[in-house]
Structure formats: C-alpha cells, structure tokens
Amino acid sequence: MSKYKELKRSCYEANMELRAQGLVVYTFGNVSEVDRSKGHFAIKPSGIPYKDLHAEDMVIVDFDNNIIEGDLRPSSDTKTHAWLYRNWSKIGGIAHTHATFSVSWAQAQKDIPIYGTTHADHLTKDIPCVQCMSDHLIRGDYEHNTGIQITECFEERSLDYQEVSMILVGNHGPFTWGKDANAAVYHSKILEVIAEMAYRTLQINPEAVPLKDSLIQKHYERKHGKDAYYGQ
Amino acid sequence: MSKYKELKRSCYEANMELRAQGLVVYTFGNVSEVDRSKGHFAIKPSGIPYKDLHAEDMVIVDFDNNIIEGDLRPSSDTKTHAWLYRNWSKIGGIAHTHATFSVSWAQAQKDIPIYGTTHADHLTKDIPCVQCMSDHLIRGDYEHNTGIQITECFEERSLDYQEVSMILVGNHGPFTWGKDANAAVYHSKILEVIAEMAYRTLQINPEAVPLKDSLIQKHYERKHGKDAYYGQ
Amino acid sequence: MSKYKELKRSCYEANMELRAQGLVVYTFGNVSEVDRSKGHFAIKPSGIPYKDLHAEDMVIVDFDNNIIEGDLRPSSDTKTHAWLYRNWSKIGGIAHTHATFSVSWAQAQKDIPIYGTTHADHLTKDIPCVQCMSDHLIRGDYEHNTGIQITECFEERSLDYQEVSMILVGNHGPFTWGKDANAAVYHSKILEVIAEMAYRTLQINPEAVPLKDSLIQKHYERKHGKDAYYGQ
Amino acid sequence: MSKYKELKRSCYEANMELRAQGLVVYTFGNVSEVDRSKGHFAIKPSGIPYKDLHAEDMVIVDFDNNIIEGDLRPSSDTKTHAWLYRNWSKIGGIAHTHATFSVSWAQAQKDIPIYGTTHADHLTKDIPCVQCMSDHLIRGDYEHNTGIQITECFEERSLDYQEVSMILVGNHGPFTWGKDANAAVYHSKILEVIAEMAYRTLQINPEAVPLKDSLIQKHYERKHGKDAYYGQ
C-alpha cells in the first residue's frame, strides 16, 4: 500500500470540494497538498474531469518536479506549485481555480480593493493582481516562471504570504494557499466571494472608497490577532 | 435538561435557514432569539461552520453579555445583539448575514432607494445605510458601539424599528430583526431580494425614480395597516 | 366532493411551478385558472407560503370577486385577475410573479426592447411597461384599477393579448397569461429569460439596436404563423 | 431494431446534457450527431420539452434534409446542421443553445474578445459574431442560409473550424460543434463560461485589453499543439 495514501485522499477531497463550491467546471483547476516531512506533494492529474477522479489518481511529485509515484501526468501547473512549496515553507496546500469573478478581476488586470469587513476578516491588503510576465518568460519555462512571478510580486509589495493567502495572475486567474489543501480551497472560495462583492460594489458606486484603516485592523485582529476573540 | 432547550432549537433552526436561503457561507453570519421572560437570548457560537452546528451548541447570554449557559464562545457580534434586545423591547430575534447584494450596498455606502412594491410590501422607507463609526469608537468596544450606531441611526432618522426591520452597517453588512429568530431571517432574505432588484434597476436605468408615495402607502397598508387584506 | 377539484389541482400545480422555476420566494406571486363554462376561476389564497400550500386551499371566485368556494381569503390581486378574465375572453390562466429581472425592468419603468430571436420566438413587440396609475386610482379600488390599467395599455398601443401574453406594471412587476394556468407560468419564465438577456445585452452594448423586422417576422411566423414548422 | 439506435442514444444524451449544464429551458436549443459512414445524422425533434424527450424520439436526417427515420418533425434548425455537416467534413456533432451570456453577446452584436487564458485554452481567436443576414436571405430558405452565413463568416475571416468550434449568430445565439455531440455540448458550455467572464471583465474595466499574443499561443499550444503537455 502506498505510503502516500492519506495525502492522496486529503488532496483528492480538496479537489472535489473545488467543484462542490462551484469554482470549476469539467477539468479546470487543481489542488495540491504537501507532506513537508517527505518533501513531496500530491496534485491532481492533468485534464481529468472531476466526475472521473479517484483518490488513487493523485500524482506524487517532489520540489524538482520529478514524479515520485503515479501513473498519470500531473497538472500542467505542477511547476508553479513546486516553486511555491520550495520558497514558502509554511504553506501546506495550494489551489488554482477558474472561478468567474476571480478570473474576471484577473482579466481586467486590477487589484481587488478592500471595500468591506468580509475582506478585512481575512486579510488587510488589497488582493494583488500581478501583471503579465514578459514574452521571454512566457516562451521559457512558463509554469515555473509563474511561480517566480508570484513570489516576486509578494517581495516587491512587501506582502506576507501567511496573511495574504491569495493572488490573481493577470489575464489568467487565481492561486490561493493555506496550511493544507482544504484551507487553500477555503481561500479560493473566500476570494470568489470577495471578488463578487467588490464587483457589485463598483456597479452600485463607481466612486466607492476603501475601508478605513481602523476598521481593517479591528476586523483582522479580532479574528487573527494575538487577542483574537473570533472562533473557539 | 436545559430549560433553554426550546429556545436553542428555535435559534439553531433559524441559523440553519440562513444557509438554506443562500445568505451565508462557511461560518459567516449569526442569528439569535430572545426569551423576554428570562431576559436571556440564545445565539450561534463563534466561528463554527453551519455544517457542524447542533442545537445544543447555541450559547445563552444575558443583556450584559454574560454567558448563562454553554461551553462555547458566543458569536463575536453578541454585544450588538445584546444592545438591540436591551433597547428595542419589541424584537424577539436578530440576524446578521454576509449576503452578496446586501453587503455590496453596505460597501457602496448607499441607502437602498424604494424603487418598487416588493420593497413597499415590507417597509415604506429607504433601507438605511449607517456610515462607518469614528476611529475612536472602532478601537473601543466595537461590537457594543455597533449596536449604539444602529439605534442612534434610527433615532436620527426618526425610523420605527417595528416597521423598518433592517439596516446596512456601512462597509460591513446587514442586520435584520423581527418578532422571533425566524422572522429575522425572513427579513434578511427579503432585504437581499430588494437589494438585488434595486441593483439591477439602477443598471437598467441610472435615473430610476423612487416609487410614488401613494403606491408606497397602498402596498404597505394593504399588508400591514389596520384594514389589511393581505394574508389570512 | 367539490366540482372544482380538477380546476383547483391544475391551479395548485401551476402555483408550485412558479417556485420550481425560481420566480418567487415565500408567499410572493399568484396564479389562477378559469373554468369558462362555469364563469369561475381558482386562485391561490393570500399570504400562504408555497411550502404550506395544498390543492384544496385554492379559492374559487367569480368575475365579480365573490367567493364561490373556499375557506381562505383569495390573493390580494384577485380583482386584477377577475377583470382580465372578464375582458379577455380567450385567456384561461393568469400568473403574477416577483421574478428578479422582470421586476427590475418594471422598477426602471422601461419597455423591454426586442433584441433577439429568443424574444421574437414568442412575440413580435417590445414587452410593454405600463406607467404608474394616478394617485386617485391607487387610493380607489387599486387591484381592480390595475386590471383596467393593463387592458387600457393594450388598447392604447393596439396590442393583441393573444400574441403579447405579458406586461410589466411599472414599479410593481409582471403579469402574464395564456390558454391555461400552466401556459401563464410558462410565459412568466419566458419573460424572465428575455428580461435577463435584454439586461445583459445593454450592459455589453448600451447602443444595442432592436432586431430587424424581417427576422422578427421570420421567427414568430415559423413558430406561430399559419405555415408554422416549429413543434409537432 | 433501428440501425441508428446507438447514434440516437448518443444524440439524446448530449441533448439532455444541454439542460443539465443550464444552457437551455423548456424546448430551447438542439443537438445533433452524425454517422459519417452512413451520411446521416440524428437530431432532436422540434418543440419537445427536454423532460419529455426519449432516445427513440431522435430523428434521422440526411444532408439534403430528408427524413430517413423517425415519426416526429426534426428541429426547425435542421437545415443549418445539414449544411455544416456537408461543408465541414471533420465535425461529428453540432449544438445550438439559448444560454444567457452567449445570447447576450449575440444580441449586442459583438465578437467576444480574448481576455484571458480560459479563452486561450480553447481557441486563439476572438469568438466571432456574424452580423444579421439580409432581408432577402431571411425571407428565403432561412435555416439553410444560416448555415451558409456561418461557413462564409469563417471563410471571410480565415478561421479554421477545427480550432474555432463556436460562433455567435447575431441577434440569435450560439452554434458550436466538435468531434461528436458530446464535444459540441462541451463547447457550448465553454463558450458560456468565456462569455460570462468577458462580460464581467468589461464591467470591471471597460478599457480591458486582450491577452498578449505570446500568452495566447502558450496556453493554446500546451493543450492543443504538437508538444502538448496538458491532459493524459
């Protein structure tokens, strides 16, 4: 029996949750989960419809993109996942979706402004939209370079990946992460909810102003600060 | 057996209805119901996903925010509920959601104009959006101050909380209330329906004009007036 | 046993279909069906939630609004139905909904322009939105006057109620009709589909132009003309 | 037993999938599948609601629009299908829907610009919207002329029907195709997803710019090129 059985199951369930939450159709999107002790991660195989997916189909890959276990080809976005796991040591799961509102902001090439407490309950910053990479990088090792593009964006903007657990890749779509695959999918859904609310806010009031800083801090701190009183 | 068993069950069912009506995801939102004879109310525990919620998890709290019964921490919005129960003696239930269109109007910091009879069937006024409180109040006893913010808004605008059973807290989201928890949830859904219709009305006709006064009165009175002929 | 049993059942099923098609929530809306041989119609009782409705609850009313059979109060819109049955002898069922896009056009006080063949498959005219009635009429026999408002609008615009089986009452919402209750509900859904498509067409292209006349005629005639070849 | 039994079943299932994917209501839309060895295709009968449809109801037609087998009248769009099968020898299935966002772009008479990788994963061109045909052609053999209109549009724009498997017929709606009926329906859904994202992109940013060419090529090639590495 595979020593990755539990990791595959967890990764599989998170992938299926993408569909249950309405964030993907057909073969779109992918979720991975890492086993830090082994330095390997499980990821959805490429191009398999969710309805035909099984836990044992998950592919085990290392951070150099070598297949460790599995008969199927891993997601075409595997190199992006590997780069993020290698560089951000505190994340345990990554998700990529084609959710409608998230993708629409990415296609519009706009950061999502922080308009309300639903957003501030989860992060204190605008959700970054990183611009398209250069033609040179696209024609090179594209998925690897997408990973670099994401980590560089966080460095340039001085963002903390443990607070801001989501990004929009311009003209493409969202990547999100968290302590495990399930948390990554949770952040994909939260991002979609925030993206829809920001979209509709702008339709009602194109001059809408961001949330004031005191309220951003209040909502974030009551849930994530050292004196947090949200949750059990 | 708890003497609050029935109150908890009623409160629990109203919380679950929030999700069934599509007004919340994950742990978002909360509903409470009061027992006026005891001066205590039941409220959703903080940060528990709806799918994991049980009737016995409801927390019993008094109007000074003391926990009377329950092992879990009550909703982080508990002080807002306590303030409203203390000040508005005729309400029996309160609901708070993150419903998409309601939140979007709150984020846009706009009252919802009364554009049609769906709105006038329920209330004769624009749905108020109270502006953000001062930094001083946010950094103070925030959830208590949110309660004050709501009752002050009603005083300033001379609104009757028994007619206008809903408010948008600017940049945050809706609070609604009613004779019991179920009625509060009903008003959350009605608010969301009105919010969506007003949103789409404005997209079709940015110059849309509010409903004329005679029609507002007609629809409200036929349902709620002394000679009402709507319903049984 | 009631001699109206079959009429009530048919009316009840059409009412339930309103909810199944997503055109109403809670107690919103109503459908009626007439028995021309008796001069009586069955209609939903007022203010009963769809989930609590039974076939035997349908109320039998004549064209003068007298209750012929039933223990419940009929829909508050009963007089509008009665007027339409009295004046338009070829209709067998009437539906009234609060469907989102239909109501939004009514609140925007705009006719729905004929932008495409989905519209022309059903009618060759813009869907009329009749303006609010005068204060005098609102304060009078309101629901009766709503009926008059509808038939007068059709006369003024020279519309044929057998072709144009739908209207928007300004600031209020849609009324639709057909050969029976089921057809009336079908037209409520078709109206909502057309209303959504027209809404989105305008968002994409505010300068969108109506369908050309030859295409309107082609699509309408192939489905409803004397040489129709759509359907069996 | 009919020698078309398997073809009818496949065609039937694809028609039902139109409804399962939310692309049609009532009797709207139609799907066909061809048997190239026989030169015949199966198509949905005209005007039958999906809920009443059976596999044996599918009608078998040749490329000259003669009914080969079946008691029902075939879809009113049959001649459009026949023309496309006759002229485009590599397609095995065709679908026509009234999906909301696809129709709205058709009614707006706009090509759908290629704004993101979701689009580029499937085709490298804007999705063409062919303008209304002349009155003369509409009044002639309309559905046959719709087929001509589609193939001429592809010739004029030098589009490859094996790459661009979808078109919007102006003021009408989408036609899509593929290697079989199932693939045609898949493309109808993909078109609707792309149409919704492009719609929302424009609402967020009316100045949104198309995807750069290097990224279009990258995404299309990694899925469909000779060195494709998407899928198994």
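First chain written, first letter: the chains are A, B, C and D, and each begins at residue 1.
Here is the rule we go by: a residue touches a chain if its C-beta (ideal position, glycine included) is under 8 Å from a C-beta of that chain, and two chains touch if they have at least 3 such contacts.
Computed from a prediction, not measured in an experiment: that's the story for all the values here.
Undergrad: Among all the other chains, which ones are in touch with both chain A and chain B?
TA: Of all the chains present, none is in contact with both chain A and chain B.
Undergrad: Over half of interface residue numbers shared between chain B and chain C means same, under half means different, so which is it?
TA: different
Undergrad: Whole-Å distance, chain B centre to chain D centre, using C-alpha means?
TA: Between these chains, centre-to-centre, one finds 46 Å.
Undergrad: Rounded to a whole Å, what is the gap between the Cα centroids of chain C and chain D?
TA: 33
Undergrad: By the touch rule stated above, which residues of chain B touch at least two different other chains?
TA: 203, in rising order.
Undergrad: So which chains end up touching which?
TA: So the chains that touch one another pair up as A-B, A-D, B-C, C-D.
Undergrad: Considering only the defined contacts, which chain C positions touch chain D in the complex?
TA: So the residues of chain C in touch with chain D come to 115-118, 186, 189-190, 193, 196-198, 200-201, 203-205, 208-209, 211-212, 214-215, 218, 222-223, 229-232.
Undergrad: Would you tell me which residues of chain C are touching chain B in their complex?
TA: Answer in residue numbers: 25-28, 45-48, 72-73, 76, 98, 100-101, 103-110, 132, 135, 138-139, 142, 171-173, 199, 202-203.
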